[in-house]
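Below you'll find a set of structures to go through.
What follows is a pair of complexes built around chain A, which joins chain B in one and chain C in the other.
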Partner chain A sequence: MIVSDEEAAKILRRQLRIMAILAGAESVGLSPVSSRQLHVFGYFTDALAPVWGLRILDVRLLKLQEGPTSSELQHDVDRLVGRGVVAVSDVSHSVDSDGLWRLDANYALNSAFGAPILDQARLFNEFADEIAYTREVVYALSGLGQAGLAHAPSFDASYGDELVDSGDMVNLEAGDRGDNLTAQVADRFEEVVPPGITITDAEKVHLYIRELYSRFHNDA
Partner chain B sequence: MTSFPIFTRLQVDNYGLFPGTKRKPGIDIDLQSGLTLVLGANGLGKTTLVSLIYRLCVGTYDIGALTASGELGGKKIQARKQPLSKRRWFAERVNDGAVNATATLNFELGSTSFSVTRALDDLDLLELRIDQELAPAEEAQYQRIIEESAGVNVFGEWILLLRHLAFYFEDRRALVWDPSAQRQLLRLLFLSPRASKEWVEAERDVLQRDSAARNTQAVLSRLEQTLAAGEEAASSDGEIREELAALQELQAVDQPKLDDLNGRVSELDERRNAARLDALTAEGRHESAYRDLERLQIQTIAAAFPTSGDTARYLMAQLVSDGICLACGHRSPKTSANLKKRLEDKRCVVCNSSLEPSAPAPSQRTINKAQKTLDAAAENFAAMKGSRDALEAEFEELVGQIQKLNRSVAERSARIDSLAKRLPPGDSELHEQRSEISVLRGRVEVMKAELDDRRDAYSQLIKRTSREIVSHKDHIQKNFLDFAEGFLLEKCELKWAPHKDTIGEAGPAIQFPAFVLVMGGTDFSSPQRRRGPDQVSESQREFIDLAFRMALIRVAGTGGSGSIVIDAPESSLDAVFVSRAAEVLTRFASEGENRLVITSNLVEGDLIPELMRRAKIHTPSNDRVVDLLKIAEPTTATRTLSRQYSEVRDRLFSKARRGSKK
Partner chain C sequence: MMPDANGGQIEGWPDGELRATVGAYLGVGADADLPDDLRFLIGVGRTVRARQREAGMEGEQTPSLFLLCAKPTGIPPAELAKRPMLDNGQSELGGSFWFVSPAVVNAQQLAVDNWSDEAIFSKVTEELDLGSAPAVYFDTRTSPPSLRHYPNGLGTPDDVSISRMGGERLDIDRVLEIVNEAHLAHLATPHGGAKLWKSAKKYWASKEAEKKVQYTLRLALHHELPTATIRLEQPGMVGRLDLEIEEPLFAEGTFVRHAILELKILRSFGSSGRKVSDQENRLAVKDGVSQAASYKAIRGAKAAALCCFDMRKTFTDQGCFRGFNAEAKRKEVRLRAWHIYASAAELRSAEPAKAVAAALRIP
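Let's look at the complex of A and B:
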């Protein structure tokens, strides 16, 4: 398979994200991760990426009743399974509420292959930042519990925005060309803390997810 | 809550087109809840009768951009009196100029009842009764009470409601494909009068400021040109003079070019976003088809490879599906073909031993079908991706052009300023001009800054109020589906899809509330967004529009009731769909206090008999039938061929009776 350096770097970055998600999930006892949960983790790492000044990997996605789903992320996992980096179990297929066939499976990081790759990546600041950030997002989301995690997107400022109907596009583009509401809301926590107190990017992520948690519980 | 009119009675007296009978001159129809049928022939005044009901409601007032393709901004919802020539529309249809002709319409609007009598020669208000009490017959008074009772802010909005929901005229704007009209209707129907008014006023304010800023800018540009010419003439330095003239000339060419490019950004961005969504949807369908095929292949492999682990099955399925080995990343179509062959021959995919499947495997036919679906989805995805990428490139190119042009205009402007400073001091007139321009420049800057602030505030207001409107979304969608499914066999639904539009000539696009139609079809494997009326058939277009109107009346009207007046709906229906259309129309007519007035020529189709059968109308003398053959002034055709017309009419009724007996 011939790919350009740029393409290879892109694929690598995407695959590292999945590995970081699975590693983070394992360390909070959430392993294996179902494909549904994996897509939710993937979505939030994208939506909150601007808070850490990181790039978004899937800028635009379809809003589906089932929750965020990225074909690219699914194919990245496929590749990692093929390389033995990710172990797959309980593979099945089902039709979701949007009438689309989807793959259901559970994924876990094969530490024998995965840990050395992540260690190697951490030697480089840029990747180390992305891995650390992904871990924070997974830690924060894992606090929602299984049910909370499943419903988190519907309470999210971007994916759950009632002005975006299912079947329409959720655009996470930040800056002049779009308004990533998720990152905007997370950034706004800075404005509501008492004067003299500063909050870190990691704390903004945790505060945002905690807000989702309280919305989920108020709604339940 | 908005109130839609419930028409209850129509009387027409002394109008030459409708002489009536000796026993019952003119027209006097009790519009009962349910269906009223106006039967006629060409030239007997069907459309005149419908127009008459409409004009009794609105008098001689109209709003701009009702039928044209132009935008329905807040600015145009102001009711204006028709020109004199148009006010005599009814007078010009009869010999006597309708000098003594009058018409009265009774209708309910919420809890208020109206009786409106107008002269037909000029549509002047002759008598007005509110809740049976006589009120001053003044147009302003009538309009004020209508605004109050209908729950609208201005009379123009009442006209908008009638044109878009109640009256189904030939020159109507199809609401589903008219985001600009939807924006106004949704505002009217689902916001409080106060919030609705705030929206309109903010929009008008932005439009006025935009126009004022552009006009002042134009004055400034003209003054700058005059000054440049004056300075050029006053200058003794030939080189500076020449350069100034050349730069001014280039500036005069580039500025309109820049305006034009800026004007295209929003439209291109809208198209680009639509293409992005199409590509995402196609990608989702492709992924689904891919996973379906994968599923079938896993089942096949599982049947032939019962002891394999999930990973092995997964790897094999991927290799068979798209020929890529997930273990090493290489493409290996040959191996993929070999494995497929082994699967087809029911042999082990690893060691090629002959196997009897332990569990039923999907048939090869099923797998081939899934493969075909995947191929079609892949083709569609590639096409959508191609369109999206082309539009992304076009957009980037446009933005690049604008940036480049902006840079050169700014650089040139700085150069012009610096050259002007190097000119020898001119006479007092030039000095005066320079100082005037400097003041004006400052003023333009202030105006632009204020405009940006107002635009931003307006955009926030739209965002806030859209949330109020979207809270009714599910209800509208459900009711639309209820009516649309009755008409159409295709999977058809409304999706909330805010529409981006700029207010004024430029500025950032604002997202306005709107719905878009998503519908399946013969050439589409899955439901697609139908962004324009051309993307559906004529009959689908009409009934989709009707379903949307009915849904809005049901959701937004007081008591979920209203009136719909349709002129000749049968033209585009084929025989099979007649019964479906009749069922939905009858269903709407039979709900609550709804009134459905349908006019039709005597045609041999099945819609009218079917409607009559369902409404239990069996004879022309039924009080739900307005028989224009009997009460309208005959045309040469109906007079000469009166027997044939009567036969056709009788056939329609006997068809309705036969249908009832079945």
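Let's look at the complex of A and C:
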């Protein structure tokens, strides 16, 4: 299959993000990462990307009761598994609450191959930024724990939007009024911090996830 | 949901609610660009401070130990308890090992019976084989409580630094002492590794010298003040300040700005070999006094200092402030200069005592 340069660049970025997610998960003790968790990490990495000035890779995805699922991300995970960069275990299939067949598996970065690739990528500023950002999203989300992580999308400004029904498309594209709602809320923290403080992009990401944590906690 | 016209407030995400999250967690993520071992120390400091806020200064009676090892092997999973969002202050810390990542948010807890230092060190280094894992020991038996940081793990017990956790007032003298230590260890000569020179032999300062000094000081301040947030380049009406030391207070949502540090590099030559005149250097000092005073007043900081790093050929000690001392005193700006030597030999010649201390790394 012939892909455009733009598509090839997107695939490269997505694969780097997957590796960075799995490396970050290893670092916070969450490895191996289940398919569900991997897609949740992937979703938030996309939804919050504008906060860091990065591109969203999967602008639209189907809203499912099970949580975010990106066929593009899964395809690239499978490619990385095929190359031995990602190790897969506990593979099974099940029918989810939407009545769809789903692949369940656990994934971990094969450090022997994955770590040198990430090290090389970090030599380039644009990829270094992407990897650092992804790691920060994983660090922030790790604070939610397993249960919080599973429920985080339903509290998210975009995925949890009550106006988007299950089976409809969640759109992360920038609208007339700016970035997607998730990024807008994260950016809004800039306006509510005490006067005189300029917070970093990383702080916005962490504060946004803490906000989801508060909502999840209050809802429990 | 649409962003509304109410001052940009987002429907469903009221500012008041976001403000409460900021109040509880301001500073989280501000360390994202720092090395992992330093983030670990800062994260533990934040966790302990959150716990003190929740349970009171005397709330924790038994020490605890944090290990930078998010997934320990050799411990039966049944003995480990998962503790998400450890830094929300809700979890009792005492009497446990906490296995954490550099971010110190998602933790695994191992409860330890009959806490004693000997047993703890032995368990970590021998039983768990984690003697090289960076560790922070929260010691509740000292007054005030303290953090004992073992950057190379409990297997190297003599390599330890101690931070007090009693909510002590941080005065500007202590801040300048930290700057002094950082200068001695990392900045005084090219051996410190900060790469401040384009060509030390020619006295050509690097274009990035100020940024590098700023980064070095930021690391040092974080290391010595693990509960503080060190902010860079905060914008204001009169420009961007260089370094600000901010710390959350015990009442949620409140914080204090301990100090503002304005940094200036004095040079003989720029990075391209251009000669920098005395007038230019004096202007930098003059501006520095004025900027430090303005930032302090505008931001309500407790103190301000102008820190000059003098890379000129001739050692003048505090001479660069000649003519500015009275103004600085009036504006309550502390003045300190440190010389950056182009070689260790120059340091030995100009400040022999400091050279010995630098060689021995004794601050």
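In this text, the second predicted complex is superposed on the first by the 209 of 220 C-alpha atoms of A that agree within 3 Å, B and C clash if a C-alpha of one lies under 4 Å from a C-alpha of the other, contacts with A are read in each partner's own complex, and residues count from 1 in each chain.
In this text, contacts are C-beta pairs under 8 Å (C-beta built on N, C-alpha and C of every residue); 3 or more make two chains touch, one makes a residue touch a chain.
What you see is a predicted model, and the numbers here were worked out from it, not measured in a lab.
Engineer: Assess the superposed three-chain arrangement around chain A: do chain B and chain C clash, or do they fit?
Structural biologist: fit
Engineer: Quick one: classify A:88 as touching chain B (first), chain C (second), both or neither.
Structural biologist: first
Engineer: At the CA centre of chain A, how far apart in angle are the CA centres of chain B and chain C, to the nearest 10 degrees?
Structural biologist: Spelled out: centre of chain A as vertex, angle of 130 degrees.
Engineer: Could you say whether A:125 touches chain B, chain C, both of them, or neither, answering first, second, both or neither?
Structural biologist: So A:125 meets neither chain B nor chain C here.
Engineer: Check the residue A:199 against both partner chains and state whether it touches chain B (first), chain C (second), both, or neither.
Structural biologist: Only chain C; A:199 stays clear of chain B.
Engineer: Pick one for A:100: touches chain B only (first), chain C only (second), both, or neither.
Structural biologist: first
Engineer: Could you say whether A:163 touches chain B, chain C, both of them, or neither, answering first, second, both or neither?
Structural biologist: both
Engineer: Once the shared chain is lined up, is A:184 touching chain B (first), chain C (second), both, or neither of them?
Structural biologist: In the superposition, A:184 contacts chain C only.
Engineer: For chain A, which side has the bigger count of touched residues, chain B or chain C?
Structural biologist: Counting contacted residues of chain A, the larger count belongs to C.
Engineer: Which value in Å is the smallest Cα separation between chain B and chain C when the structures are fitted on chain A?
Structural biologist: 5
Engineer: So which bits of chain A does chain B touch that chain C touches too?
Structural biologist: Common interface on chain A, chain B vs chain C: 163.
Engineer: Give every residue of chain B touching chain A within the complex, in rising order.
Structural biologist: Spelled out, the residues of chain B in touch with chain A are 273, 276-277, 280-281, 283-289, 291-292, 294-295, 298, 310-311, 313-315, 318, 324-331, 463, 466-467, 470-471, 473, 495-498, 511, 518.
Engineer: Please output the residues of chain C touching chain A within their complex, sorted ascending.
Structural biologist: 1-3, 8-10, 12-13, 15, 17-22, 24-30, 32-33, 70-71, 82-87, 99, 101-103, 105-106, 108, 231, 233-236, 246, 255, 298-299
Engineer: Contact residues on chain A for chain C in the complex?
Structural biologist: Its residues touching chain C are 26-31, 132, 136, 139-140, 142-146, 148, 157, 161, 163, 177-178, 181, 184-185, 188-189, 191-194, 196-200, 202-207, 210-211, 213-214.
Engineer: List the residues on chain A that touch chain B in their complex, please.
Structural biologist: Against chain B, the touching part of chain A is residues 1, 60-62, 64, 69, 71, 74, 78-79, 81-84, 87-91, 93, 98, 100-103, 105, 162-169, 171.
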